[in-house]
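Note sheet for the following structure.
We call the chains A, B and C, going by the order they appear; numbering starts again at 1 in every chain.
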């Protein structure tokens, strides 16, 4: 009885831009549509869901993230893929803000300096907290914190500084607590920040990678990626020679032109891949970098739609 | 913008528990409203409406203006309402709060947009002179359900108001002072009344009519229905809050139909009582 | 001009050639826009609304944060060119504030705000074109944008308008029809069939109201099918794009070597 005005079905374009819907006037077609859904899911293997869809009975299964129980049924509350671990049913959102887990490596930006703590914007649902007690201070790891340290917190990190840290724990309200108690962590310099949707960062064995083109990458699980000049292993100070100047320095080293270009190329590759929703790993980035050099395309051209599409196609084609 | 402190946990638990047993803190039945008290002032169109401790003052005054060029044959009605901190400490001056927006919009919908007053009858000379009625609503005290009280005050004020008689001879317009000729009542199409029902987070708890401020604060959604005694709905407003089954909405509307008839009788009676005392003064 | 146009002619067609119960064509676009976490553009016939959702994120206004759940913040912006006569509405316009308040309270019980204490979810509604059914389009677009942002919802919220011309009910009204006949907007949670929002602001007999009310609830189910379809299509695209590459990771094992180079620093 309730019908749509009918019109021609549009071409199904790749990125969901302007997805038009032709609705059948005949209710019989309506049923066909549902069957289509099932087929599609069946073929591709991963089961998708949207909010409000019943997944299973709550007697046989337990509800995980992205679901809720109502009327003895487990119902999805986000759109994404259904995952099952034994009796636990959860839905992972296809796209969402960063959901932190303990041990995650994140890149963040100091948003606020508060008594004994820094507030860090790390793309989460709340600002993360970096306690003064969770950072290494100049003068050795064993050094005790003094009142004077509290007064000069801004000399370590001030508003706008970027840093890399690890998720240490959670507060009762879900805010994450970070720490930088390792030489790998701390203030960032000599590079550039790119922000991509966090879903694109896969969990890797190590999130610190260096590309042979003289570029270091820090792939924060929160989708913040730090692309910087390569630091030679020998240049890094050992545990003993913990150098305050170097760790909390705000000064960039001298970066030659070639490295600058390489950094810019890598950031643009990341942007292009993210726009096409390609997961980012060091292997993919390396391959993409080689392709970009091979094609001899200008760094800024990587952001053009057709070049980006060719880049993505070249990656997809090889596998 | 500081938020008013929410009711304490014991208060909340007690209210929910008693509502579950269909008991209200002021002894009313769930679907019983507070009897409105209407007090008329010395001037026509001046009404003080009280429902329990909620009190609203409404007054109407009229003047001659030039009509808008788009509608040369229609009079103008404007409604002014403002919730001041005087009504309740929850409100503050300055930026309009959500409550104030809802109140203003509802008054506008109930009293103006539902064509309560025949605007064409307010025309004196086409395109030249029309009556401009100004309804001012003063919220004196808010002890819950300010909206219903304000709507009632507004509609009664319009019914109570009488405009001076006007004589048109060619280009000349004579306005007769009420002491010379008896003023005439406004031509009204209908009289809508507003009823607000409050719903609670626990869906098994029955809805209550005419919530007090505590009930309103703890409610999880309000459903406001404005309708007249002729079973015509003017406004149905349920902006969010707990989801309701469609049948429940229809049930509440039918309850409101009955209440509108009751309230209409009360209002008519009070207006008549008042008018009978006034007739003496006019001549 | 309103009364001159025939709302429903003798053959049962409306002014724009639709039947009584025919909805206008719908387009839904969930592709990302700018830095928004989720965004959606929806059109119902000539009405076009774009919604961007940000969050959950750190609340801007400290005083407004709630310790046990997230705060929803809705802002509506109506483009001056969205109507036939160009008119600038200022932000304080009561009608816009009411629209924003309605959208906010519609989603408050639907979004699982309790999962994000002390955060804020911003919903920005931009009305680009209006031809009736403004609230309907805004709610539908906001639902899709929230889905796109991966914010947990109890159910999709589907809104639809309906009206009554003398005794014949009709669905999905244009501005022309809205100006002329009594109309209402209903937002339904299709799973339970419960109603989260009903607004009506014109005089209508109770019995007529019952008819159109039931009808709009049914129509919302049809809209739901479309919204579901759009949400599935979007999710499918994202998941497929990710899948292509998960295979490539398995194939290349050389990334491990570079990792260890960095690990030695520890």
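Everything below uses one rule, namely that contacts are C-beta pairs under 8 Å (C-beta built on N, C-alpha and C of every residue); 3 or more make two chains touch, one makes a residue touch a chain.
Keep in mind the model is a prediction, meaning the values are calculated, not measured.
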| item | value |
| --- | --- |
| Contact distance in steps, from subunit A to subunit C | 1 |
| Relative to subunit C, chain with the most remote C-alpha centre | B |
| By mean Cα position, the chain sitting nearest the middle | C |
| Length of the line joining the C-alpha centres of subunit A and subunit C, rounded to whole Å | 27 |
| Between subunit C and subunit B, distance of the C-alpha-averaged centres to the nearest whole Å | 32 |
| Interchain centroid distance [CA atoms averaged], subunit A/subunit B, Å | 54 |
| Shared-contact residues (touching 2 or more other chains) in subunit C | 189 |
| Subunit C-touching residues of subunit A, taken from the complex the two chains share | 1-5, 7, 14-23, 30, 33, 37, 40, 44, 46, 48, 50-54, 66, 68, 70, 75, 77-81, 93-97, 111, 119, 121, 125-127, 173-175, 182-184, 199-200, 202, 204-206, 208-210, 233, 236, 276-279, 281-284, 315-316, 318-319 |
| Parts of subunit B lying in touch with subunit C, wherever the complex brings them together | 1-3, 96, 98, 101-102, 104-105, 108-109, 113-115, 190, 220-221, 223, 227, 231-246, 249-250, 253-254, 257 |
| Complex interface listing, subunit C residues touching subunit A | 18-19, 21-31, 37-38, 55-58, 67, 70, 112, 115-119, 147-156, 171, 189-191, 215, 218-219, 222, 225-226, 228-249, 251-252, 254-256, 258-266 |
| Contacting residues of subunit C [partner subunit B, same complex] | 63-64, 92, 94-95, 97-98, 101-102, 104-109, 184, 189, 192-207, 209-210, 213-214, 217 |
